[in-house]
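These notes open a run of structures that come right after.
Shared between the two complexes below is chain A, which pairs with chain B and chain C, respectively.
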Partner chain A sequence: MAILSEEAASGPEPTALELGLESAEKPRSMFARGWEVFAENKLALASLVVLVLIAGFGYLGPLFYHGDVTKVNLNAVTMGPSALHPLGTDQYGLDFLGQLMRGTATSLNVGLAAGLIAAVVGALYGAVSGYLGGWVDALLMRIIDAFLSFPLLFLLIYINTVFGKSQLTMIGEIGLISWFPITRLVRGEALAIKVRDYVAAAKMMGGKGSRIIYRHILPNTIGTSIVNTTFSIADAVFLLSSLSFIGLGLQAPQADLGGLLNTGTQYASQGFWWLVWPPAVVIVLIIMSFNILGDALRDAVETRLQKR
Partner chain B sequence: MTGYLIRRILQAIITVFIVTIVSFGLMHLVPTGVVHALVGARQAGNPQAIAAVTHELGLDKPLVEQYWIWLTHIIHGDFGYDYTLNQSVGSLVTSRLGQSMYIVALALIVSVLIAVPMGLVQAIKRNTWIDHSFTVFSFVCYSVPVFFFAWLLQDIFMDNLGWIPQGNQIASFHDAFTQPVQMILPVFTIVLSQVAGFSRYMRSAILDQITQDYVRTAIAKGASRSRVLYGHVLRNAMIPMVTLMGLALPAIVAGALIVEYVFNIQGIGLLTTQAALQNDYGITLTSTLLVSVLTVVGSLLADISYAALDPRVRLD
Partner chain C sequence: MALLELNDVRTQIRLKRSVVHALDGVTLSVDEGETLGVVGESGCGKTMTAMSIMQLLPNGGSVVGGEIVLGGRNLLSLSEAEMAKVRGNEIGMIFQDPMTSLNPTMTVGRQISESVRIHRGVDKKTAHARAVEVLSLVGMPSPERRALDYPHQLSGGMRQRAMIAMALANEPKLLIADEPTTALDVTVQKQILELIDSLKERLRMAVILVTHDLGVIAGRADKIAVMYAGRVVETTSTEALYANPRHPYTEALFDSLPERGAESGTKLYSIPGLPPDLSNPPAACRFAPRCRYAQDRCREADPQLEGETSQHQYACFFPVGEVERSARAVPVTLTEATSDEEIPQSRIGQPLLTVSNLVKEYPITAGAVLRRKIGAVSAVADVSFTIYEGETLGLVGESGCGKTTVGKLLVGLEDATSGAIEYEGRNLAKEKHAREAVRKQIQLMFQDSYAAMNPRMRVRTVMREPLDIQKIGDKAARDARIRELFSEVGLPQSALERYPHEFSGGQRQRVGLARALTLKPRLIVADEPVSALDVSIQSQVLNLMKELQVELGLSYLFISHDLSVVRYLSDRIGVMYLGKLVEIGPADSVYANPVHHYTRGLLDTIPVADPEVEKAKEDKGISGELPSAIDPPSGCRFRTRCPAAQSLCAEQEPPLVEFGTNGHLAACHFPLRTADGTPTAAAELPHPTGATAAAEPEDAQA
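This part shows the complex of A and B:
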């Protein structure tokens, strides 16, 4: 108590700002400056809102809405939208709004997780390849070329028959085949960063390669990585739904949006539009929003467009 | 030119080599063992088939030697025997290649034929409502999954309007040629998903070229607007399009798989899908390998024609 009052009596120390050691304006972080550019893009803000709404629909929806998605009810098959079933029922009499919520969550789970795996693996591989350079880099990049020339859907179908179909294996499978484009971009930046003076200084002070990659190259390529994560999420959602649509991905009862469409389109010719359009619209919105978001983020991390 | 060609061809050979190594590795991923992968799920209990495959491919030898034996086999077009369908995998897969390649080629050509004028109009009328509406159209097309386009076109033009007869299936390369009407929807499905990327490129390439010095020179020398546009700008903007076509190949091939499924075309994509449904690894892997090699060859051809069209590359 005594110490406290003593301190109060002497008054606060002059801050660095008052002494003129710091500029009056607080330097803003890269993210704050990027956000300014991003926030000017109304389309990007709108797609962010759409994504938040879709995520809320998929993850929080089932907490508030309890449609029966498990008990087969043959008295209520393929009923149109009604007060009881806002999006009607499917061929087993299961509530479709409830299924749509689960499908949305599944698509988002796989898309987000696989996109993240792709980003991490791709950035690491690209940073190492670019940093090492020389023949190692040449070899590592030829491997990427080879993978980029695989039509991914064929590759995915094969891996899928080998490893099986569950949400978890789909995440791994899609993650493992989607990291090639990110690698190229990060490697290009790593090539430019490793010749900078601060990297030379770090090396001179005895910094090991792993430290330089982890502390200098990866943080400086974070912008590119974030931008491309959004694109790879969109691609992962697309790949999973394509696979499920042709009957090789996730099917009921753990269907993603593509799996729902697979069933829906088989019944659409009988006029059951509610089994097709809702999942289709959600897929398109997810893919489109992530793509718009990626475009806007690309502008946001572009330092030339930022205000200092 | 020769130096560039040799380098590019070498690069393609290395890529194909890596593709085969990856395929060989994938073959060994099958949890029940590589023999199982090769004889197919339903014949896994057939000791005769297993013994034949083991002996023929030297599966009791070291891995490197196995790879070499396998590689010699596939170079000679021997992809093994499918005991389920009682047919050699090679003949099964190649009999499906023609119609798939036909779809891919047609889709590629039609996409470019639509995208070039579209991008040109957008560039000339930039920032007008025409430009903006094409941009919105492109973005929507880019975001709609190709399988939904396929279903939508089928639903509208086959099931509802009846403009295209239902139930005719394309079972061979011959059918693909003799029933052009049946090819319209599959090809346009892929075109819709590809035209966005191509036209966006075209628009920015033309806007890029218009600011170049040679355009100012041509105008100063009194060339007419259309001569500058079609004689100079369009030609220069279109050359890199060839490379873009090569880059788009994997996506178009994947699109072909989807349309073959929806429109019931007996191509390599549908074969792969059906084989995968029955866990027939041999066919799935062989078609993946073949399609990838063809994609590499396609990109190589694109790059070679790019070099032939653009003298600057040759000097490199």
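This part shows the complex of A and C:
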């Protein structure tokens, strides 16, 4: 049935110009176009630089700076900054700059992994729940309600007791309790998107549910998802810090920024500022930068804001 | 001296990277008791003119030059506080969508009295009394009660009446109506326009009526300003403009009207290209790139607004009618109106799809868990018709009459409550199996093709999706098919890499059509495919649809509220009212010899771009508003608005019977004519006027 093979009867093909389309040069990649929008946001660029510096500090720093962070030296406890120890030492005489590097790396590890887990699980769960609707949606949402009605602290203590206080456990438990907000937001968007005409169009072509979720619903919730992924990374860093601060976090000698801060505040009254300010500042910088980054990324993935 | 004068007004909107010259030297004037119509394509500065007068410009916008003089005062020299006193007091404004312009959390009465209290400084009680008074002035039924209603409790027409009441509460000298009826049904549109007209007479106001619809202003405006690219290109009295347009742009707008093509059977003229980018407007005549008469001089110099008299001015070096057309430059358009040979009757073949006794009801449920059924919305009630191969069946009616639902049932987006849709010997309404199998062959063309395309997909992906889903061909074959379709609908290949938002409305509708064609369907259900488009662009899409039909042997079910568009494209027309098919027959027959009172009412209501016709049909058309489909009237559903209704109409539902031999059917107890065409007594019945009708409209739908 080659009904379309004949020449179009509408005369010569109108050129792009006559139709008012600027001539499009070679299409640029999604990334290049997104970067352009992103780069317009100077604050976001600054945040990105800050995050890169912090990541470099945490992951690459130990390769260049060999402060002793394992051997207790009781002759050099709580010493102020000096040439030997740029950020002084803690109550065991361990080099604090080196500890800060390790702590930063740990915080970033847990934050990134837990945040991403929360985002992926949350977005999928929310999209499926919203798209299917009806009793499936009701059931899936009640499961979340059940989770939320659980005393989380109790749950965390239980998990810590059973699985130990390793980085992996932390990633798992923080991921487990932080996917609910994304789920709810994505579900809300899925409810709105599934009645759009383009979903109707896909159904009319014979598109199945999985395709519609994967090709139409998830891509259109990307703005929400991305912003909230960065938020949940920031939240995970914050949560880990909080847990460590109240002693539910990582077990020594492992420490994250929150653990370091916890130690530092115990000596705050004695004026050991170098044990308090550095971890606090790094925590704040990480959380703020991720939040700013989230806003800029939402704009960057918005095709309507991109130029050719 | 004129009440309002705009002298060389220049408005700019500062964007991140550029400055848009939204108005570039607009000169207008309106006298007391006069209606000025402002027309043009979208993006030509019509709304910007209104907003500049009100000084309610969007962020970054400001009037940078010229003067706006209202009653001897230059509004541009007023401070914001002084301007606030002018707005709503000396100038009233009505917006397009009354739902979004009314505050949903305040009663209508309070919203009106608010403006009275601000401007007159009276107490609450007096202000409320004034609110009730203006509500009755605008023909709101039982104004005391309605004043206590919230906006959502009113129907669209009543909301617009409330908006008008609010605009008039302080008896402004000038009323600006920005597309006041675009969001309303034709039958309501007529009532609102008549209301504005009569209020103008009574209050001696000046009215600025901004619209894209040449039919709307034909009967309403005393003089007209045609705008193009931020400028007035032609201005004169309404009669002179319609009889003797001088600017090629005005002429082209008229030539694009589908009723012109329907009458002569010719292809519609369409204006090629798009209006210029106003952030960097050309120094020459702005219309030259799209003008069929443009010559070298037009591309070099900028014509000024002038004319032999001050009454008729235009900005063109080579005005229409001055030089013989043959002596003019060769037309540069692709789609010059050429006479299309009569479509041979043989094009229409065997029945393709037969709908019989189709019913669709949406249940109304109560309770979150058990969802008891407490009622049903009767969207489609016992509708039967046949679509033949290669024909276009037009479906018209007010919104809420079930046209779109019929379309959705045909393409399988909704399940029928009962009835049959027979296609190739199988009942699509019953067999889900059959529906999957023929899915490809019946496709839908959406009203808003932008909403129908995933904004995150490039158009190439959008176009390929049907092929991907149906697993047709390999990647290369799919790509080839897409390119073929794109040239078919007249879009360049380079456009495939774009995103949907990068297209203009007309181009997007082409993409929509191309996508609907991807799976080689035999029937395309087109749901209001051109209602969102400018008339100049609309004709491009209509022409394209007509061409492709002949070429590919397609059948269309063309759904629209716009009778002139339907008539241009359709071989047969079906008229729906509140879920019922009340009349169906050959397009010309339905047009020239309607049988049903509703059909005649619709025909009388549609604004025609001809001042004489428009002014002659005062007091015609349909009154009232569509009753609720939850509890439709017994017997004939149209009886509540029908001038010929008698007790029989309430007792018995009229069957669809034949009138004449050409397949013209209608369902009416007291038809307008007999089968052989002689008018009956019912045809002589007077039409109720808009004023009496407004006194008893049905309550707004839930």
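Here is the rule we use: the second predicted complex is superposed on the first by the 224 of 308 C-alpha atoms of A that agree within 3 Å, B and C clash if a C-alpha of one lies under 4 Å from a C-alpha of the other, contacts with A are read in each partner's own complex, and residues count from 1 in each chain.
Just so we're on the same page, a residue touches a chain if its C-beta (ideal position, glycine included) is under 8 Å from a C-beta of that chain, and two chains touch if they have at least 3 such contacts.
Small disclaimer: the values here were computed from a predicted structure and weren't measured.
Asker: Output check: A:Leu74 vs chain B and chain C. Expected answer is one of first, second, both, neither. What do you get?
Answerer: neither
Asker: Have a look at where A:Gly206 lands relative to chain B and chain C in the superposition and call it first, second, both or neither.
Answerer: second
Asker: Tell me the contact category for A:Leu63 with respect to chain B and chain C: first, second, both or neither.
Answerer: neither
Asker: Regarding the shared-chain residue A:His216, is it in contact with chain B (first), chain C (second), both, or neither?
Answerer: A:His216 contacts chain C only, not chain B.
Asker: For A:Tyr198, select first, second, both or neither according to whether it touches chain B, chain C, the two together, or no partner.
Answerer: Second partner only.
Asker: What residues on chain A does chain C touch that chain B touches too?
Answerer: In chain A, no position sits in both the chain B and chain C interfaces.
Asker: For the complex, which residues does chain A have touching chain C?
Answerer: 1, 3-6, 8-21, 23-24, 27, 196-198, 200-207, 211, 215-216, 219-220, 222, 303-304, 306, 308
Asker: If we count contacts the way the header does, which residues on chain C are in touch with chain A in the complex?
Answerer: The contact residues of chain C facing chain A are 272-274, 334-335, 411-413, 436, 439-440, 443-444, 446, 448, 451-458, 465-466, 469-470, 481, 484-485, 487-492, 494-495, 497-499, 501-504, 507, 515, 517, 519-520, 544, 547, 550-553.
Asker: Using the touch definition up top, name the residues of chain B that touch chain A in the complex.
Answerer: 11, 14-16, 18-19, 22, 26, 29-31, 139-140, 142-148, 151, 155, 159, 250-251, 253-254, 257-258, 261, 269, 272-273, 276-277, 279, 281, 284-285, 287-288, 291-292, 295-296, 299
Asker: Sort out for me which residues of chain A touch chain B in the complex.
Answerer: Listed in rising order, the residues are 142-143, 145-155, 157-163, 238, 241-242, 245-248, 258, 261, 265, 268-269, 276, 280, 283-284, 287-288, 291-292.
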